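Notes follow the structure.
Labels for the chains are A, B, C and D, by order of writing; each one numbers its residues from 1.
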Amino acid sequence: MNSFGTLFRIHIFGESHGPSVGFTIDGVPAGLTISVEDFFSDLERRKGGMHKGTTPRKETDLPIFMSGVFNEKTTGFPLTILFENKNIRSEDYDKQRAIPRPGHADWVAHQKFGGYEDYRGSGHFSARLTTGIVAAGVIAKKLIPNISINAKVVSIGGEKDIELGLQKAVDANDSVGGIIECKVNGLPVGLGEPYFNSLESMLSHIIFSIPAVRGIEFGTGFAAASMHGSEHNDSIETADGKTKTNHAGGIIGGISNGNELVLKIAVKPASSTPKAQESLNWQTNQIENFSIEGRHDLCVALRAPVIVEAATAIVLADCMMLEQLIPRVLKNTI
Amino acid sequence: MNSFGTLFRIHIFGESHGPSVGFTIDGVPAGLTISVEDFFSDLERRKGGMHKGTTPRKETDLPIFMSGVFNEKTTGFPLTILFENKNIRSEDYDKQRAIPRPGHADWVAHQKFGGYEDYRGSGHFSARLTTGIVAAGVIAKKLIPNISINAKVVSIGGEKDIELGLQKAVDANDSVGGIIECKVNGLPVGLGEPYFNSLESMLSHIIFSIPAVRGIEFGTGFAAASMHGSEHNDSIETADGKTKTNHAGGIIGGISNGNELVLKIAVKPASSTPKAQESLNWQTNQIENFSIEGRHDLCVALRAPVIVEAATAIVLADCMMLEQLIPRVLKNTI
Amino acid sequence: MNSFGTLFRIHIFGESHGPSVGFTIDGVPAGLTISVEDFFSDLERRKGGMHKGTTPRKETDLPIFMSGVFNEKTTGFPLTILFENKNIRSEDYDKQRAIPRPGHADWVAHQKFGGYEDYRGSGHFSARLTTGIVAAGVIAKKLIPNISINAKVVSIGGEKDIELGLQKAVDANDSVGGIIECKVNGLPVGLGEPYFNSLESMLSHIIFSIPAVRGIEFGTGFAAASMHGSEHNDSIETADGKTKTNHAGGIIGGISNGNELVLKIAVKPASSTPKAQESLNWQTNQIENFSIEGRHDLCVALRAPVIVEAATAIVLADCMMLEQLIPRVLKNTI
Amino acid sequence: MNSFGTLFRIHIFGESHGPSVGFTIDGVPAGLTISVEDFFSDLERRKGGMHKGTTPRKETDLPIFMSGVFNEKTTGFPLTILFENKNIRSEDYDKQRAIPRPGHADWVAHQKFGGYEDYRGSGHFSARLTTGIVAAGVIAKKLIPNISINAKVVSIGGEKDIELGLQKAVDANDSVGGIIECKVNGLPVGLGEPYFNSLESMLSHIIFSIPAVRGIEFGTGFAAASMHGSEHNDSIETADGKTKTNHAGGIIGGISNGNELVLKIAVKPASSTPKAQESLNWQTNQIENFSIEGRHDLCVALRAPVIVEAATAIVLADCMMLEQLIPRVLKNTI
């Protein structure tokens, strides 16, 4: 199923080389001012072509409002946005279909969907789908203007000097992974629930929907496993819940505690490395050596921060609605 | 909301010091043989009192079937199991209510639920609720007999020699964190979907529902962020999809690829350390020094493996149903 | 699946002759005052034994709070209530198992659940399950104190003189159907949505969950099919939306319009008529003549009004929450 | 929320005079052959312009596949279909905005969505949205080729001679209601569940999503309320569950019993009658006399049968998937 959320509910669809990718959001309040320009900045961050580690494929990425917007305001009804796929070179993919690319979903998709999957450019599995998540994130961010969400790459290939990590990959003619950190400020106390609707559950759910994510941690995260309780516990110091330390990363019992929300995400190296690789050709049943051509990113982590922000904003907008902190009709509010 | 799953759907309820904790599962096929004895082994693993790092509180933990079982078979209707809370010493908690325990949900719960929360023994936030998750996991495991799920503690307080890590905590009179590894074998190819129903999304969602979990990673996980693509990619070597390496941890594109599923989980040190701590008394608005008394675990990670197994089994049973790999009526099948 | 609702979400479970029936509600706000006495009046209306047309089976119907209540207030966590089944005479049912009772689910249940269904007293299909719906309705009604919901029987066996219709059935030694009318006043404008969350969709969904319901209509209902538009249309006469007529029954475009909500429900005659009937014995494959013994209602419509009210209240409480008209914490509010 | 279904899940969007209406279906199995021609017949039945009682507005109604179809087969991923709105005359609606049309959602929409609703041609409330439901129904019907679903108008304005009922309305220069009957054959035993997922609950839920529906009944329906049990009960006569009579209309205990499924639906007269009407102008607060111009149907019931069939097919396809009667990949199956 391709839906996520309770009151702010996103449905995504599309394939990399089909006519379009897009999404519908159900639950957007009426009265939110919205224009195509609102999307440019975040979509630009998601696009390739800026960094040496990202792909030169350039889509116009112009959001086309198909429903839910009238007179530059949201109407309260389902909001559907399309992005047409224009810059397509499908022939890159056809010739190697029977050789599943290592790290890609080619083989599992073929098994699961019986050969009917659209395999061009990874089809529905393509990171192209994250265009919709980023655009939904733009709307979510507009709904929570007092909450700031900032994600950035904090290491590439194990190097905190990110240019260095990237240069090493370029020199090695190989793709490389990275770590994203996302910090959220301005959160009210009380978002999330214990157990299945914990903030961590909802955030990790959507963040693992982003292709190439392999791990997530909140606050001190994996390092907490090496700590003692007296070190890790955050003592409350003020009546509004501010703590001396923030090992918890802003979430206790699944619920925001008013401190900075901090999460880190591990992104694997792009599966489409330029290096020669081996795979089993499922027609010949022979191991083959091959190289992936076409347009690809060396480091998909470079494009991920804005996607992580969007995913985070989608969860937080939903939580804010569940706590009745966003009205159903926005009258001169936002 | 306290529900999880699509076709195998669990609803949990209860408080640590209320009359009971329990759960309902909707979607259990008819005809599964079930008895109270089936639950003893896993419930025993979850219970305290066995390790030096776990609490001496002992509940009988006898599952009481309230619905959905007839003649020792499931009926196909909602299956409700209760665990009565018998061994309760609520007075331990009442006297310190206005001093929120660091690392616990006391303060956020008070803010969010306006003082109406049952604060005794952490109430609904208590790890006592995981009794229901473990018991639901027993049923899930019975539905997927050809899939083996094994979780264990792989480090305590940063020590791979677990006894050593635990002894250090005992010596320091402090609680301590740990890391759990869970491995799954016998998975068919094709469980999960790209995006919001990715295996990682569903697994992380439920696993972050377990109190004290702070991080999760699949396969190589965070280490992938330091790797190059040619290192990290797993080449398929056989027609059934077995790969030379398993950095992906058995999941590609959100879908099981038939290799071993591997995930690791970071568990924070128990918030209830015996050490003296500080917190802000919300009645006096004074910082107070206090020690937590009562029955508590030094290392909650020791109790977590069986909970992680249960959470994993719940997701996998649901995925197996979504793929029509578990019939709706089990006739001499299981 | 045995769940209903979005924010006020009910899960029901149990069997007629198992240990209990009950339900969990997720989404009850914290701070609602609640006591066992609150349930007596509506549960009494649902129970048999009062009218000549209802069964003499008497359950104590004492709600047992298993979770979600603390110090006579709701906590904001899942609220589970059980009703023990005490007054059981299962032997009535065992002897005739292979002869499916006409009008009952015996045969379809046997087909669908492969013989594993609890067949005693209709098992999970029993109207005994509506105890949980009525009790959930009590809570829902408490959440919407300014909305009055009143359902009553308006005809029995086609007779508007209800005593007459019932007496005819008694004289004929046969069961009989009836029509329930439910009227709701005090509804705010704006509950419901067009299409899948229309008020009619949600109300009909839950009302057809009540055993024996065969039809539902809103406002003028089926009679509207014989009318012209100029007759049927309700003209708005006042600024708050009151209409000259109320053929729409208070709902336009799926949304409450502030006028009285009116719905009618057709209830079939109780399937367990005392009259001799025929059915195919699935063991012998012979048509058999038999009579149903045991405790049964001549006219289940007599017990239905309080169930219809409860179902209506459950939908309306959910809609009120969706419109943010019920706070998440009730501080001296209700 | 604009979603419906569990495994076969439809999301609708669009407005009458926006760029398009459309829908996404999640859960379509891979491998279903699909072409634009498949949709023509049912879309033609839904369109106006054929009968004297229907509107002359003509949309091309050409389905545009935006995702989920590749090489004329479904891929197993979300299937999105758009219908562009081309034949739009919005000026018809603008001039009368402040005068809510009786029987239409103008006033409630204005209240609920704060004036941000797209009011042109009823916006999201328009029956234009049912284009998506009909098209989704085409796909659903293709998934259940052995089940035949046939709906037809059985009376207009109370007249079983339908031409007569319609002529009376034409003569009266007024709109008129009607009754639709839908019969389903070839259903397997066992679709549906007791309570909230009863076949009646699911069918009524989606059917009340169709604009202008005011009532629904199954089998004998409202007439059952006047019957005795010995009359109404259907005796099973054959081992495959065929009954002597079919008062139940093919559903017992919420579950299909293998007999013909029969339901009837009351459709109100079109709210847009050509006759002069009164309404309160919300700007002037004066009652005004006005006539509705523009293109409208005298009898929307004439367009409803194919929508009712589609709604029915959507529910049945979902139920068939829940019973594992439709495979996840269709290999030469359909």
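In this text, contacts are C-beta pairs under 8 Å (C-beta built on N, C-alpha and C of every residue); 3 or more make two chains touch, one makes a residue touch a chain.
Here the structure is a predicted model, which means the values were calculated and not measured.
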Intersection of the contact lists for chain C and chain D: A, B
Of all other chains, the one whose Cα centre sits farthest from chain B: D
Gap in Å, rounded to a whole number, between the CA centres of chain B and chain A: 26
Rounded Å distance between chain B and chain C, as computed from the means of their C-alpha atoms: 37
Intercentroid distance (Cα basis), chain D paired with chain B, Å: 44
In chain D, residues with contacts to at least two other chains: 1-3, 6, 12, 112, 124, 328
Interfacial residue positions of chain B with respect to chain D in the complex: 6-7, 322-324, 327-328
Residues of chain A touching chain B in the complex: 1-4, 6, 12, 100, 102-105, 107-109, 111-112, 124-125, 129, 155, 157-158, 169, 172, 174-179, 189-190, 193-198, 200-202, 204-206, 208-209, 211, 213-239, 241, 243-244, 247-249, 252-257, 266-273, 275, 277-280, 282, 285, 287, 301
Partner chain B, residues of chain C touching it in the complex: 1-3, 9, 11-15, 18-22, 24, 26-27, 30-31, 64-70, 73-80, 82, 112-114, 116-118, 123-124, 328-329, 331
